[in-house]
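Below are two complexes that have chain A in common, paired first with chain B and then with chain C.
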Partner chain A sequence: MTPALFLIALVLLGSAAAAMLSRNLIHSALLLVGAWAGLAAFYLWAGAEFVAFAQVLVYVGAVSMVVLFAVLLTRQGATAAPVEFDSFKRMIVGLIAAGGVAGVLLGAIAGTPLAISAHPAPAAISVKALGAQLMGPHAAALLVVGVLLTVALLGAVIIAAIDQPEDPAP
Partner chain B sequence: MNPLQLCLILSSLLFCIGLAGALARSNTILVLLGIELMLNAANLNFIAFWRYGPHAATGTGVVFVIFAIAVAAAEAAVGLALVIAVHRHRKSVRLQDANTLKG
Partner chain C sequence: MNLETLPLQFRDWIVSLFPGALQWFVHHLLSITAILTFFGLFFAFTTIAERKLLARLQNRLGPNRSGLPWFRRLKLWGLTQPFADAIKAITKEDVVPAVADKVLHFLAPVVIVAFSLLGFAVLPFGRHLIPVELDAAILYFFAAGTATELAIFMAGWGSRNKYSLLAAMRALAQLISYELPLILSVVPVILVVGTLSTSEIALAQGGWTWGIIPHWHVFTPWGFAGFVIFLVAALAESNRSPFDLPEAESELIAGHLTEYSGFKYALFFMAEYFGLTALSGLGVTLFLGGWQAPFAFLEFIPSWLWFMTKLAGMIVFFIWIRGTLLRLRIDQLTRLAWKFLVPLALLNLGNAAFWTLTAGWTGPLVLVRWGVSAAIVIVPFLLLGRRLSAGYAPRTYRYAA
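And then the complex of A and B:
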């Protein structure tokens, strides 16, 4: 059980770090697809199958395509110019901040006695039970998410639309 | 070290990779992808606590992650639309070039 977790962690962290270090935006986007697929594998490992497939559908399928569209729509010139780390100081400060946060978090995790529950492998929650949860106690939140997605879609279209000048009246 | 701690360590490292990317890179798309990684790390925490928590049968963590994925998808769509809008006005996707509000 634990070797699978280490393998998943290796794929996940390796592709995420490579994506953040890459100088080519296309490579970054494709490596992030690998990281998201690794996260879906973690969800499968943890027994949350529905979330794993939602992760594949939403991130590996949809968000990666939106990211690739944005990369292609915003590239400058015909050449695939490398995206440099244009400020050495900024990079150092970012790495120091992230390392500090990592130190604090890892110290807190190592120093906290986390009691895990007695039953080591709970039965994976079925999609039927999940649907009952969503339509029962969380129905209002589900409606709000529907409204949120509609508003976000309309907002994205309006923000990204080309605001051409009005045609002169004939 | 129990498996919950391993999951939390994995989540912390993923969060810090996203944080380093969001702070150190100056390309707007990469910053947005770093933020997405941080959101994913939070989702990983929810699943880990649901899996090893005392109330695994109720599935609250799973439901929360589904809502978080929906909100993150909306955030990615709006964020990338903003990137495209800024690129149209500024002809650049560097963060340093988008420093005024009036387009």
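And then the complex of A and C:
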């Protein structure tokens, strides 16, 4: 199983690194999608079928579209133009932001007690058991996330729904 | 000789010819080969069936000239046309625009075909005939389908053509809009059956009421509503008429396909038909009883033949729709999705919940159950339909006499 993990890691890290190094924003975005797909492959390798398919459905299918639309809508006309080195200020701010995220993530990983056991991994959990868990003990979290997403969607609709009054109903 | 398990016996016989260490590999390779050859041929004959049926609907004859290479007298009603088309597509010049993004331009047709084939893996083609038995099969099916949106974007953007990019954006708006009603129309089935596994959903639709009415989901109020929403959304998801705006020849010169020629162009069409076939297969599995026979006395016919018959029926229905309806405008298209299909699908979800809660009702309460469930479908349909079409008729022409 280890060669498979190595291959997945290679694809994942390779596409993530290429996404950062690419000077073409659209290529970066598409390579990022490749990295997300690699993450889904890792979940599959780890036996988390449901999470893997959800990862593909949400990230490769939906979030990638948001990223691509954002790139196309904000960089008018210059999507193909390479991103030039801008200024030291920008670089420092970027480094601080990236470092902060890395710090939070590393702290969370280091602070979590990981039980390493010699026992074989438990059999894959059925979707039904997963659903019972989500709807039972974790129902509150699910509802909060649902409300949050609904509010975000409504906000987006309100921002987008500024009517042009000069065009009557067709 | 058991017809029901004949494909499996054949597969096991081939697998047994190989040494033990290779058997698992050969096993999966055979499943993949079977899907590729069978649905490759199915695609070929879908195209000829579509051309002939459309021709008949338009009072033409359709392609009927292609015969066999050495038997010129034998015409076979033009059934060899798809093979002639394939040879034509392969031998055509492959034109790539000078300014195109070469990598993306090449990758787009490859990605779209690869991902549109993935969905077939979880369809139960027969009682014992399912390529991959997954616990989260429906989730897998939709996850595999989402990458086609990415491929359309790659094609549109990589071509460096205004029309291609415009059409790709249109296609994305359409695909994202209709993904919602499509998935929402499937959720009631999952709610009622209580599983994401396609084989178990097909199994749950076995049996007959009074010996004649099959327990297919389409014969329940929520199932019928779900099936209709599924049909409309599936048409839109596979870019078929009347939702073929992304390829609108008259406005966008075939959209994201403008800069493609030769076999790459054919690959896009292949992916479209594969997607349509896979979605039809999912519709058959979820609503039309999967591989179940419609009557008990017809169960001697192998289950995979029933599945393929229903699948072919769905495809013919889609061709009929294409020959009948006119193309929608983009605002009509999105209005239909967001203001009509999504609310109806959400209400239908509640309907399915009601159906599950009242599963224990007996006697005259069964009639109440059916009445309430039918009312949840019909009343919002009428109200929403009336409200949405209010003010649009009679049609007024602003720029034409």
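Throughout what follows, the second predicted complex is superposed on the first by the 123 of 170 C-alpha atoms of A that agree within 3 Å, B and C clash if a C-alpha of one lies under 4 Å from a C-alpha of the other, contacts with A are read in each partner's own complex, and residues count from 1 in each chain.
Note that contacts are C-beta pairs under 8 Å (C-beta built on N, C-alpha and C of every residue); 3 or more make two chains touch, one makes a residue touch a chain.
Computed from a prediction, not measured in an experiment: that's the story for all the values here.
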Touched partner set for A:Val147, first chain B, second chain C, both or neither: neither
Which of chain B and chain C A:Leu106 touches, first, second, both or neither: first
Chain B versus chain C as contact partner of A:Lys128, first or second or both or neither: second
Chain B versus chain C as contact partner of A:Gly61, first or second or both or neither: second
First (chain B), second (chain C), both or neither touched by A:Val33: second
Chain B versus chain C as contact partner of A:Phe50, first or second or both or neither: both
Footprint overlap on chain A, where chain B in one structure and chain C in the other make contact: 50, 54, 62, 69
Of chain C, residues touching chain A in the complex: 101, 104, 134-136, 139-140, 142-144, 146-147, 149-150, 153-154, 157, 160, 169, 172, 176, 179, 194-196, 331, 391-392
Contact footprint of chain A on chain B as seen in their complex: 2-10, 12-27, 29-30, 33-34, 36-37, 40, 43-44, 47-48, 50-54, 56-63, 65-67, 69-78, 80-85, 87-88, 91-94
Chain C partner contacts - residues on chain A that touch it in the complex: 26, 30, 33, 49-50, 53-54, 56-57, 60-62, 64-65, 68-69, 72, 79-80, 124, 126-128, 169-170
Chain B partner contacts - residues on chain A that touch it in the complex: 1-2, 5, 9, 12-13, 16-17, 19-20, 25, 28-29, 32, 35-36, 39, 42-43, 46-48, 50-51, 54-55, 58-59, 62-63, 66-67, 69-71, 73-74, 76, 83, 85-87, 90-91, 93-95, 97-99, 101-102, 105-106, 109-110, 114, 116-117, 119, 122-123, 125, 129-130, 133-134, 138, 141, 145, 148-149, 152-153, 155-157, 159-160, 162
